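So that you can tell them apart, the chains are marked A, B, C and D in the order they are listed, and the count of residues begins at 1 in each.
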């Protein structure tokens, strides 16, 4: 069963806006704010009330859109998507939103998450004559909605969603309506905001801050929201259950300036560092974080321990698509890629190295060696989340169990493999304390990758999909 | 009924190769040779025996493909497509080949032509739950083939083709087979060639010359050819009827170096000019052709009449996508776009101006005025084809009947509208004499746009499509 | 001495306009028309009356300029340049116009031609402390003008021009004046035109036709013209001598629609073909020209002999900078580059192949073989100019004497080397008859590369330059 | 006199390497590390022992270089430059290194700094006949070196440097030697490193870390180093004086991971924050730094005061050249550009806002307003350097005195203008304490922009230049 996973899950970012003259431009800025959730491709579909127009391509948001594109993309409603994923067989076909056209109207979909039973559903649809142009889960949902020639509306969408198992957030655009849906456990993040009289929806609240919108509320688990010129209508397609927001969104995926379930991500990371300091202090000279996602927890660790926080590793900002990769020969001679050590800081020091997580351990190993080669006397690795011992079925790309270093090695073995002087992980309780400040507001988190306790049923997992977001 | 046409028909070029290590590169060069058939988009799908890989985008062949793309496009079989068409709502989604993926194999299609009953077929498919991502006829054929979950094979393709009415040439690629099909009247051109042990198929033979392949034979009307590692297999999906190759392929669409039905296009154009000279001589000082497509007939006219052929109009080769269009102000001050007059040639001369055809008359009017402003004393327009009085339903973009100048004006009126000193068209008989050298080999031509005699039935025309190639 | 030539001479195109609000845009269109004279780099310098602004880069005119560039390039006077040349050590530094800035004003220069004593002059200047940033002759002239801190004016320019020996056409721009100069024998072409009240200058008249300007007159040999808001002033810096326009401008360099010394280039080429037919007829089935420059003479040959002109070789229009060159492997398998044969035309035919000239013979050899491989029965090569047996010191890139096939081989040997069935060149007298229609208007031509009779003195040649245009 | 400044001073970064097979590639990576010092243009000149080859253009390092460029740039020695500056009249001509070619060898120069008497020197040179193609100081130095036809060597370079007044760091490359020079007060940074047997020189040590080189020593004030295959030779062209490293290099210009005069920049910034906390504490809820350059001092301030450091402002990483700027309309509706506030952090909080410096005050005003609009209760601005009241003549772009907010307003007025609840600057003594840890090693800093005490003489300032780096 695990073999079916094939490391193809993916994070993505979605955005939607209804009721603004500059819908496509604002979607462009919103996707900018969500760029960290997917650098593989970007797209916008806009409705001018009469028809849907699409612009999308592989590449960063800035590469995909040129100023002049927005002349064509007039309209008061738009949805957008940024896509994460290695350049697979799908190529540009898989870039979202997907747009489906029929003689009585069009429909565009953008999706973040993973449908566990997509493979099975797709096989059934194909057996009945459906043909697919992408390898995306989103196309499965579209077929389910339009099956037997049904119209796209609350009813057909709800019934389609009831057939899919997994973790997902959707925005769907028609000429005259937008639909917003979140999975029954609320594993993936999705928020509603307002910009003047316009409605905005985004995977993270940082997209609201960038465009000057204000946060309204989170989309609820199992909720289907219909937005039109008449306003918002709220329906449910699933029974109310306790929310289980993905812990990894806090740990490394979301932007530090976003709030998820009323919890600021940077603040939660600082608390992870503080909890970690309480659980796993060590005698050292300074605290260093792996940029960018571990800076907050490193500052928390330093604050809690009183050790100085230092900038011992630098992330090269100019790494990008056009960057010329150093040849093997130059790498062996010491040319650094993404991260450079700061010799003047680390030389002769006993270092606490804070990282957000370890998946396969190869990056950690490289960073520890880099610091030692730059003169570090000791490197004590402290991980601001528990050890990942279980795969994610809900949309986070973290390899199969075979590749997870913590699933197959003891703490001592991991320490030796990565070459550290000591190692410690944050406990699952510590993580929960760091994230969940107020249980009444926040409900729960999904920490299945640490604990193996999956909030979505076994039955779903049994039909795990090879297709994706 | 005519209103349904909406000027959306289009020419395209298709190419396929089976059994060559460099299938994708050779398709690239083949598409280069066919570039004149479509500048809007280009794409290649290649099979490595195990899976299909696609690369396509809007733009010229050279813009769409970079050297490095071919590393990924390994495989021994490939099909390709160049697409003509104004940038419509479809955008890049409509670029071909279209690729459909299912759990038991993939299928790619490339198409040149027009399906007259596509609108009706699509409506029926949608009513049964099919969803469409493009506005292309090709997607209709794909649904017909895979309907009810059928496999893609000779049988399902034949039955699908029997449902479509129109003029078309298809190449279809699966992991282990290639299919080639031509409409029952053979209206669109399609030839088979050999390159060593590899099979090649292309809309025009000029693609064979560019890659060093040799012409084998024309695909026959109503023929379906299956190519695999076992060789070629020939079947028919329609009764044998007399071939009716589109006359406009000879008049202006194909490249002069191509042979269609064993007739060289340049040579046929020279004969059109000669026939025109016999039918419509005029006292003048020199003969000038509108570049590029009318040069051959102008030379023929000059040869027949003994008048000198002169280069009185120049086509600016550097016009292209990145060309900065002159502002209205500069155009009014005389800055020329695509064509420039040669003052030193035309000044004080009585000119026979040869053009291949007149559709709406606006270009002819502009050229006549340009020559007169450059000092021409007289401009006698001679058209190397009959007057176009009927729309084309078979894939040539020539507007509705309302816009056809010859459908709504007498010869005298046309002469006055375009500002010429005299005007004459080649007769339909003259055109036929110029094209058809040997009736036994060549069979017939479709000259419906001149004569109104459509080779494909009324019934077909009655359900004319709004969707396309 | 010949060793010093190193094949570095080059053609270029220059353009200038004074007194038009859209000076930079019009220069862009003018350079478009001159693009055939240089594809290596392009540039514009514009004066807004107060300061000079430059935009230039390697590449085609279309690649170098974007629409937005012209916002910055406001002004009523501009000069431009297109540069021919292999990508040498100079790189983009050598792209013209060169712009020199001093505290009391700027000066920009653009140049077409070759300064034979540039190497000697440069050595003298360097010995006195001048430093150079390019390997261009133009920088030498700039130093000569400004030597000892002199101002740029008629006097300093005249005295500088009197020191240089060679063939050249210059446009020089200051904030408030434009200077135009032609070498004492008028070897390079340069014409003056009018566009409303604006003055225009260009290497070829085709640039006037493109922008709607009218031809005024040729710049005279040894003339220096000063253009300002006061109008044009004519001075001479050299004694009047008979003009010796470069014959190769007619043979292949200029555009067929240009007039040089009142002689249309296409018409002169047709006459070359006719003279050639008179001198060297042969029994054959058809006449084929090598595109593009030999089409006119092929038509002339066909007209004179009564043989049909056929399109047996096609030039691929889509060859360009971004074109992916076929690998050696694919070339060996027959993939064609710039020229493709038309099998349907040449198969079994006895062909007269017209080419404009033969330099090293390698291209001719390749074309003859290509035609034979495509089935030609006989290929009779007819060259529409005399055999090139002497190098050019005046700006045409035609290799050293060692490489000139006709300088080292008899006619029979050339015929054998290139694999033709027969070969003949046009005589020098025939060429002169074809070009010079009216001796009173046209004066003479420089045919030194055919005859060895150089119009500029031995003394000049003795100090031949290694630097260039 | 101040009027002559015209805000044209500029920072730049320089790099050089001698004795490595991959000299050009390593220079590319070195320039990457120095990219923050100049985003306007980048260039490399490489020597293969026989000749110099150049590649440069406007744009970021990644935009200027493509992988294939390095095939041509073979050689064992190279120098490189990144250039800061608004797109001025110079355009790409001013991109460095400048390359000068003469018949007995070439010379390339790259420069960081400002020559105060460049205008006067240039006038004198022009009066003697020198002509200039750039507006760069570097060209002035080249003329001084080669004056009267002298060779480029230690002597001619030393004598040229003795004529220039200002702050500068130079690398000069000939076919067989490299020269490295620093101004007599050592105002600009420049370090020497080793990479195996190769010598490396760079404006900042972060370039060494990126390529795996080790720091050797600082270039001394007034030192001229000659590097060749024989090794390094050290000479001086000026008397030894106390070093006066530019304080702004520590405050905001250099990268935090660089060491300048053995002082780590991040660490010095943390100490600035700590000193500031001691001098200007305030009751508040959290400390926020303006990214990126003020993060270190904000952490220092937080550490010293015990207030939590929070991430209240986010810098959008995807801002770049191709970024589509929000229209005025969208900006007014709240779309953010470079910086976004984090509403969840700042809402209702009393904030200490740390910034590295204030020049004109417009940015500070915008940030304070942005925080207040995001709900901040109080914003207390704390500047981690003294108030800038004097212009810089040594290469830092900080406007004229008229524009310096602190030169024309009292502290209270500044506080009101920027809308803060309180404001305080670090004292000059505090800054010196933060930077200079060990006086014996570090010597002094130039803090003229704060104190008006210029380390280079009045006489020099009197002839201040309008030309630049």
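Criterion: contacts are C-beta pairs under 8 Å (C-beta built on N, C-alpha and C of every residue); 3 or more make two chains touch, one makes a residue touch a chain.
Keep in mind the model is a prediction, meaning the values are calculated, not measured.
Chains that touch both subunit B and subunit C: there are none. Between subunit A and subunit D, the centres computed from C-alpha atoms are 37 Å apart.
Between the CA-based centres of subunit C and subunit D the separation comes to 47 Å, rounded to the whole angstrom. Computed from the mean C-alpha positions, the centre of subunit B lies at a distance of 60 Å from the centre of subunit D. Contact of a single residue of subunit B with at least two other chains is seen at no position.
Taken chain by chain, the contacts form a single closed ring in which each chain touches exactly two others.
Those chain pairs judged to touch are A-B, A-D, B-C, C-D.
Those residues of subunit C lying in contact with subunit D across their complex are 51, 53-57, 89, 91-93, 98-104, 119, 122-123, 126-135, 142-143, 146-150. Residues 22, 25-26, 28-29, 32-33, 35, 60-63, 65-67, 70, 195-196, 205-206, 208-215, 255-259, 264, 266-267, 270, 296, 299, 302-303, 308-311, 314, 316-318, 320, 322-324, 326-327, 329-330, 333-336, 340-345, 374 of subunit A are the ones touching subunit D in the complex.
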